[in-house]
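These are the structures, in structure tokens.
Each of the next two complexes has subunit A plus one more chain, namely subunit B in the first and subunit C in the second.
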Partner chain A sequence: MNQKTFGLGLFIFLIIPPVANLMESVMIIHMHMQMPILVITGFLMAPFFQSKFSRFFEKWNHNGIPGILLFIIIVGYWMLPRTMDEALELWMVELFKFISLPFLAGVPLRDSWKKLEQAGKNTVIIIFSIAFIVMGWLYINATMQLCNNYLLIEQITLGWGFLTMGIAFVIFLGYRFFFNPSAYE
Partner chain B sequence: MIKNRNNTIASILVILFGIVLFYIGTDGFQAFTAETARVNQLIDDKPKFPDVTLEDSNGRKYSISEFKDKYVFITFLYTSCATVCPQLEMNMSKVNDLLPSKHIGEDIVFLSISFDPTRDDPETLNKYKDAFNSDGETWRMARIPDQSELDSLLKKFGVIVIPDGNGNFSHNSAFYLVDKKGRLIDVMDYQEIDEAAKKVTNILANETEE
Partner chain C sequence: METVISQTGNASVFKEKANKILGVNLQDAKISKSYLSVAFIALLIGGTLGLLQGLNRAGLLELPSWLNYYQVLTAHGLLLVVVFSATFTIGYFYAGMSHTLGGLLPKVRTMVWIGFWLKIIGVVLVVIPVLMNKASVMYTFYPPMAADPMFYFGLVFVVLGVWMACFGGFIQVANWRKNHKGQHLPIFSFFATGVFVLLVGATAFVAVEVIFMIIPWSLGWVDTINVMVARTLFWAFGHTAVNIWYLTAVSAWYVIVPKVIGGKRWSDLLTRIVVIALVIMNITGGFHHQIVDPGISESVKYMHVFMSLAIGFPSLMTAYAMFAVFEKTARKQGGKGLIGWYKKMPWSDVRFLAPFIAMLAFIPAGAGGIAQTTNQLDQVVHNSMWIVGHFHLTLGMSVAMTFFGISYWLVPYLSKRVLTKGMNQFGVVTTVIWTIGMITMSGAMHTVGLFGSPRRTSYTTYFDNATALSWDPYLIFLAIGGTLLMIAAIMQVYAVFNLMFFAPKGETEFPIAEVEDGEAKTPYWTERWGVWIILMIIVVAMAYVIPLTDFIVNAPPGSPPFKTW
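Here is the complex of A and B:
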């Protein structure tokens, strides 16, 4: 099985209502497992679109910047507390989630990442480190319930999840900055 | 060079798409949480207080028409709650103190509604009310014994209550103001005591002038 079929299979599996409901029942799984896996399915399916529409990607995403901007916008949108609530309450928003994360975030990420220069890649990781640390701080310290469908304790769990990922990004950036991999080859 | 131009055009289009997406998704950058969106929606809709039977701390039973021609200042709570409810009720009592006393009981009634009718019987409510200087008359505490009636009210007023399995509930809190005709006209932040008191005082002052 090649990765395109695997990506498609995983995508279909995630849509199956019992699977979707189960993953959405826990806040941190909803945001830090279901959503990233949806992006990954798009990432895996990307070669299909890249070969089918190679001229489109070549023409409009030559330096990778439009694609990565789209990725940042879509992922940023799904970090809003409101969109998570509405995905549970409105089927239109839920549908948009299942379409936007694989096809408007996963696919452009794969197409853009290789085209970006090192500085561009670092910028993207820095943006997400800051965003994750800020979101983590927000979710941990908000005394108010930000999402009506989840308990406050789940919100705090999610905050720590964000913070942990933010810290991991920072460590990765530090590693990139201080170590030169070719010195060990 | 053509390719660079295409990249710029594509980037601009993507950013425009992002602005539109965030604009629609947050009702014009107004509501970043579903709670804000809910409150804005409620103030627009002005839902009517449904015809449900309340049972207060004195065991009296009546519907919302008991408070006909009066404003009703409402909060939702359950007495076993140790976190936000005491704060909510404490703030409610502060609003009560801040309002001109001539209006209390005459033009406005305070009402705390429990969404835990099995545990919050009249005796429990009676004990609870004393902790907040509620007199049981101009500030009443009541439960809605019928679960389906209770659910209809919570749904109409957008109160989301999630049982956590240990006998506690997670719920959103606010001050609700219902007008003389039984319509919800405002949902206020329960932490902004002065602001809420000022708003209600203005509404009552305008009313008595007319």
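Here is the complex of A and C:
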């Protein structure tokens, strides 16, 4: 099985109602597991689109910046509490989630990442480190339910998930900053 | 030699080659010999205590009040699961790092010696309260059972000692990589790196548990402790620790055993992926030890089954790789038939026989582990003797027997002595006795566990309850197995010290297998340890954030310390 088929298979598995329901039943799993895996499915399926529409990607994403901006906008949109709530309430939004995360975030991420300079990559990671830490702070300290569908405790859990993930990103940036790969490779 | 020097012009490469040809660096050998000596002394004492327990559980021996069952149980667990395994692992990997990375750096030597003495101090501090019956809290030291604070301070020293050895290893590896840009770390040291990363990761959890929770509580600075948080932090360590000992055994299966049987290593890439996968996914497996714990919702437990089973996947890859190596090698040596090739394996060589039986044992041991990982099946066996049988099969068989097999070449290599035919025979007999003993004991434990016999309990008939009395025949087998294991342990310890001090002088090879000819080059991404460590942190963060937040935010009042013994 090549990665394109694996990505498609994983995508279909994730949208099966019982699987989607189980993952959406826990707030942090909804945001930190289902959504990133949806992005990963797009990442895996990307070579299919890259070969089919090579001229399109070359024309619109030759330096990787438009693609990564689209990725940041889509992922940023899905980090908002309200969008998660709507995905559970309105089937149109749920559908948009299943389309946007793989195809408007996963695919452009893959197409852009290799085209970006090292500074660009670091900028993206810095943006997400800050976003994760801020979101973590927000979800941990918010005294009221930000989502109608999830309890306060789930919100706090998600906050800690954001914070620990943000810390992991910061460690990675530190590793990039302090260790020069050319000294070893 | 000269081609090597002219090719690279690098003094350190020359030093490495010289090291390989001239044999072990004596200063480095002393480090490994010290660690191995402590390991096997711990095996002897821990084994003796194990026999006492076995005899007690069978109703054959009443332990005196000054050395009760729970003291013996605590010391047995700590000496074997922590001291024997950790000191062997460090001694073994340091010998291999010295061999494959061109000798240890002076500062690394200093670090690992400091680590050695920190561990010795730690073990002494742990053992004193245990002997005084002030710390019969068993290997898991679950709160709210509270030991004397000295016990926990001892554990802190043990962890500090382990960290010194791990960071020494990192410095050694980083230095080698700086001098060998673009090259893959030699496979033995790759395993060492994986093991040391996991050791730091695992012990970090127990360090938080002991330093920030248990010590202030046992000293009376705080009144209560959050039991569930403590248990969770413990198992992030406890589970990973036993998997580290397993990964150490696996390193010998991949790297050493093919050379001993005269073959080549299976895919270098697959080997490195197995190490990386085990490093990234291991710590979160701790949850399956808490599968019947309260406070964790069922959906989270079900999701963790996936995480735990994921660890089984690299083990299956290992099983495939090992048998592929055996068959390939045997066929090259003239083995024929669908399974007839097995006759060509060097069955009379203890360096092969012991690790081979260890691998074989991992088939039922791993299957048992998968059963226990499954929520419903675990409910049948949890806290029964089945679990004790399981970890004696995994640790006592797969891990310990591989360590024994390693000792028959590693100790003579370090001591500049040789393994004689007689000592090899002695080793084969030891292996056979250990195998029979462990099958008997572990088999009895598994079976009696299914019938409901509890673990962590000294002998009792529960007022001659019929069910409890029905366990007795199996418990007798447990005692018989334990006795055989004691005989084998004494023989093994004798063999180690004989090979260290009395065997004939000579040179013994450090057997590291080469890769197959014409194998595709391993991609360089396998060397990006920084990325693997970050992935490990992210996986751990994702796995632990749900239950830990729940335990802390919805915490019950907490528990004061209890002395139940």
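One rule holds in what follows: the second predicted complex is superposed on the first by the 184 of 185 C-alpha atoms of A that agree within 3 Å, B and C clash if a C-alpha of one lies under 4 Å from a C-alpha of the other, contacts with A are read in each partner's own complex, and residues count from 1 in each chain.
Please note the rule applied: contacts are C-beta pairs under 8 Å (C-beta built on N, C-alpha and C of every residue); 3 or more make two chains touch, one makes a residue touch a chain.
The structure presented is a predicted model; accordingly, all values stated were derived computationally and were not measured.
**Q** Using the superposition on subunit A, decide if subunit B and subunit C clash or fit.
**A** Aligned through their shared chain, the two binders fit side by side on subunit A.
**Q** Which partner does A:His32 reach: the first (subunit B), the second (subunit C), both, or neither?
**A** The second partner, subunit C, only.
**Q** Thinking of the overlay built on chain A, is A:Leu69 touched by subunit B (first), by subunit C (second), by both, or by neither?
**A** first
**Q** Quick one: classify A:Trp160 as touching subunit B (first), subunit C (second), both or neither.
**A** Second partner only, subunit C.
**Q** Once both structures sit on top of one another, what is the angle subunit B-subunit A-subunit C taken between CA centres, to the nearest 10 degrees?
**A** The three centres form an angle at subunit A of 110 degrees.
**Q** I'd like to know which partner A:Glu185 touches here: subunit B for first, subunit C for second, both or neither.
**A** second
**Q** Classify the contacts of A:Ile171 with the two partner chains as first (subunit B alone), second (subunit C alone), both, or neither.
**A** Only subunit C; A:Ile171 stays clear of subunit B.
**Q** Which partner does A:Leu22 contact after superposing on A: first (subunit B), second (subunit C), both, neither?
**A** Second partner only.
**Q** Using the superposition on chain A described above, determine whether A:Tyr77 touches subunit B (first), subunit C (second), both, or neither.
**A** first
**Q** Measuring by CA atoms in the overlay, how small does the subunit B-subunit C distance get, in Å?
**A** Taking the overlay as described at the top, subunit B lies 11 Å from subunit C at its nearest C-alpha.
**Q** Do any residues of subunit A touch both subunit B and subunit C, and if so, which are they?
**A** Subunit A residues touching both partners: none found.
**Q** Applying the document's contact rule, which stretches of subunit A touch subunit C when the two form their complex?
**A** Subunit A residues touching subunit C: 22, 25-26, 28-29, 32-33, 153, 156-157, 160-161, 164-165, 167-168, 171-172, 175-176, 179, 183-185.
**Q** Give every residue of subunit C touching subunit A within the complex, in rising order.
**A** 174, 177-178, 181-182, 299-300, 303, 524, 527, 530-531, 533-534, 537-538, 541-542, 545-546, 548-550, 553-554
**Q** What part of subunit B is in contact with subunit A in the complex they form?
**A** 3-4, 6-7, 9-11, 13-15, 17-18, 21-22, 25-26, 31-38, 160, 162, 164, 170, 172
**Q** Spell out the part of subunit A that touches subunit B in their complex, as residue ranges.
**A** Against subunit B, the touching part of subunit A is residues 59-63, 65-66, 69-70, 73, 76-77, 80-83, 85-86, 89, 144-149, 151-152.
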